[in-house]
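To keep things simple, chains are lettered A, B, C, D, E and F as they appear, and every chain counts its residues starting from 1.
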Amino acid sequence: MIDRYEKGMEILKITNKNKIQEVFKELEDIAPDLGRFVVEFPYSEIYTREGLDLKTRELATVAALTALGNAEPQLKDHINAALNVENTPKEIVEVIMQMSAYAGFPAAINGIRAAKEIFKERGLLPVK
Amino acid sequence: MIDRYEKGMEILKITNKNKIQEVFKELEDIAPDLGRFVVEFPYSEIYTREGLDLKTRELATVAALTALGNAEPQLKDHINAALNVENTPKEIVEVIMQMSAYAGFPAAINGIRAAKEIFKERGLLPVK
Amino acid sequence: MIDRYEKGMEILKITNKNKIQEVFKELEDIAPDLGRFVVEFPYSEIYTREGLDLKTRELATVAALTALGNAEPQLKDHINAALNVENTPKEIVEVIMQMSAYAGFPAAINGIRAAKEIFKERGLLPVK
Amino acid sequence: MIDRYEKGMEILKITNKNKIQEVFKELEDIAPDLGRFVVEFPYSEIYTREGLDLKTRELATVAALTALGNAEPQLKDHINAALNVENTPKEIVEVIMQMSAYAGFPAAINGIRAAKEIFKERGLLPVK
Amino acid sequence: MIDRYEKGMEILKITNKNKIQEVFKELEDIAPDLGRFVVEFPYSEIYTREGLDLKTRELATVAALTALGNAEPQLKDHINAALNVENTPKEIVEVIMQMSAYAGFPAAINGIRAAKEIFKERGLLPVK
Amino acid sequence: MIDRYEKGMEILKITNKNKIQEVFKELEDIAPDLGRFVVEFPYSEIYTREGLDLKTRELATVAALTALGNAEPQLKDHINAALNVENTPKEIVEVIMQMSAYAGFPAAINGIRAAKEIFKERGLLPVK
C-alpha cells in the first residue's frame, strides 16, 4: 500500500507542486480517505501509466473539466498542473476554446475565465 | 465565405475522410445549414489554428465527449478522427480510461465500448 | 384532486394527443403514480398557467431537452407536442440548431436527428 | 388543495426546520408559486410516500445532487435535512465519497466541501 | 469577414446593449478570438436567421441555460437580453419555472435567483 | 495488491453475482486495467467501508445514475445489484421516482424504464 501512495505522491509533486497539501488539509477532519483515494487511484494508477505523457494527460483533463463546466476549483488546479508539466498558456487556451464546439460557448468562456485567474497569478498574461 | 468553407473541408478530409458526407446527407432535407456551421466554425476556425496540433485536438475532443457521456455517435466519429490524425489505439484508450477519475467509471466504460466498436471495424484489436 | 388531474389531462390531450396513454400503460405495473405526477404537476400546474402560451412553452422544452442531451424519448415526445400546438417544423429546427451555441454541436445534431424521425413519421420533410 | 400544502409543510418542518421560510421569502416577489410547487409536489407527494423512509430519501437526494454537481445551495440544504432525519455525519460523508466512482473526484470533493460547511455550522467536526 | 462580424454586432447591440464590451475586454489579453467567434457564429449566423424571432430565441436560451444549470453568468446575460427584446419579466419567470419539470427544482430555483438579481438591478420587482 | 483485488471481488460476487465477468471479458482485449480499477477502487475501497451498509450504498448509486441520466447500462447493473443486496423493487422504484424532483421527469421516467426491464427479467412485476 505504501508504495502505491508514494507512487502517486511523486506525480502529484510534479503536477501540483505543494498545492495538494491544501486539499489534504481541508479533507483531514472530514474525509481523509478521499484524499488518499485521489493519490492512490488517479495519480498512482492512471497518471503513471505508459502510453500517454503527463503533458497530454493534463490537457485532456482540462478539456473534460471545461466541458463538464461544474467543477471550477478542480479546473483551476488542472490548469495549474497543465502549466507545471510544460503546456504553454497558448496550448491551454486552445484546448479550452475548442470546447465551445462540444459543450457550447458558456462552458468555453467560463473555462477561459478560470485560466485567466491562474495565468494572472503566475504572471503569464497576455497570452501570445 | 467560400474560402471559409473550403478551409474547413480540408481539415474534415483529413480527420473524417469521407464520413462527414453521411452527416451532410442526413441534414440535407432538414437543417443543411447546421452541416455548414460545423465546417465553417469548428473545422475552419478552430481545428486550423496554430498553437495545438490536430493530433492533440482530437484527443481533447475524445476526452470531453467521453466525460459528457451523452453523444455516443459523435464520440465514435472523433475516435475515428483521432486515429486518422495519428493517435494510436493505446493513446485513445488511455485518455478514455483517465476520464474515470473526472466523470466516473460508467462514462469511462461506455467510452471504451465506443472505442471498441471503432477499433473492431478497423481491425485494431487487441490493443497492446 | 380529481380536478387537478382532469385539468392536466385536458392539456395533454392537446399536446400529446393519445400518445400519453402509452406512457401510462408502461408505468401501470411499476410506478403508476409517476404518470399521475406528470399529469398533476407539469401539465396541470405549469402548462395551464397564464403568462406564456403553450406554443412557446413546448419550444422552450425542446430547447432544454436538446441541450441536456440525455432524454431522447422525451425530446421526441415534445417535438411532437410542439407541432401539435402550432409550431412549424422550421421553428423547431431553428430552436434545436440554436442549441449548438449553448450545448455544442453534438447536442444540436442529435436533436435534429430526433426531429427528423418525427417529421418523417408525420410527412413533414423536407423542411423549408 | 390546502391539505396537500399542509401535508408537504409537515415534512418540511421535519427536514428543513425553519430554513424553508428563507426560500419562500426569496421567491415571494418573483415566483411564489415555485415555492408552493416544492411543498405540494416533492414534499407532499414524494417524501410522504410509504416504501422508503425519510432518512434514506434524504441520503438519496444528497447522492444525486453531489453527482449532478451544479446545485450547491440545494446540496447544502439537503445535507442539513439529512442530518435532521437522523443520518450521521459519517453516513453523509460516505455517500458523498461514493460518488467519486460515478461522477468523478471533483464532484465528490466539492460535495465534501459543502458538507464541511454545514457540519462546521452545526459543530459536527471532526467526523469520526 | 467584416460583414459577418458587423452582422453579428448589430444583433448584439440589440440583445446585449453595451454589456458585450465587458466580455470582449475580459478576453482581450487571453483569447480575443473567442469573443470574435461569439459574434461571428451564434450572433451572426443563428440569431439573424429567419424562422424564429429574437424574442423567442432569447427565451429558448434562458430555458436551456436554466436546465444545464452550470453557466450562471451567461444565464444572467441572456435574462438581460431576453428583457431587451421585449420579453416581460413574467414570461422569463414562466420559462424558468417550467424547467423544474425537465431539470428538477434546484435548477429552477437557481434560475429564479439569477433572474431576481437582474430584475432587481433593472427595477422590475415585484413581478406581477 | 492481490488482497485489494480479492477484497473487491468478494463484494462484486454479492452485488453483481456473475454479471461482472461479462464486463471483464468485454474489456479484456482493449482496456483490461479499467476492469481491475473497478474492482480495486470502488468495490475494494468504497463498498467495503464501514459507516454505510451495502443496501443503502446501492440505492444511492441508483439515485445518482438516474439523475445523471447518461449511463443506462450501469444504471441497470446497479438496479440488479440493489436487488441483490436486499432492496425491494418498491424501494428501488421509490428512489427513482424521487429523482423527478432533482433531475426532472424525463430522467425519472427513463430510470423507471430501466428498472422495468430488470424487474421483468427477474419476474418481479407488478411492483406492489
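Annotations
Going forward, a residue touches a chain if its C-beta (ideal position, glycine included) is under 8 Å from a C-beta of that chain, and two chains touch if they have at least 3 such contacts.
Being a predicted model, the structure only gives us computed values, none of them experimental.
Summarising the inter-chain layout, the chain whose CA centre lies farthest from the centre of chain E is F. Interface repeat of D-F: among B-C, A-B or B-F, over half of the contact pairs recur, by residue number, only in A-B. Chain geometry summary: the mean Cα position of chain A and that of chain D are 30 Å apart. Averaging C-alpha coordinates per chain places the centre of chain B 39 Å away from that of chain D. The residues of chain B that reach two or more other chains are 33, 37, 41-42, 49, 65, 67-71, 74, 93, 97, 99-106, listed in rising order. Viewed as a contact network, the protein chains are fully connected, with every chain touching every other.
For chain C in complex with chain E, the residues that touch the partner chain are 41-42, 46-47, 49, 51-52, 56-57, 59-68, 71, 74, 88, 90-91, 93-95, 97-103. Those residues of chain C that touch chain B in the shared complex are 68-70, 89, 93, 96-97, 100, 104-110, 112-113, 115-116, 119, 125-127. Only residues 67, 99-106 of chain B touch chain D when the two sit together in their complex.
The touching residues of chain D, counted against chain E in their complex, run 23, 26-31, 33-34, 37-38, 42, 65, 68, 70-71, 73-74. On chain C, the positions that touch chain D within their shared complex are 33, 37, 40-41, 45, 49.
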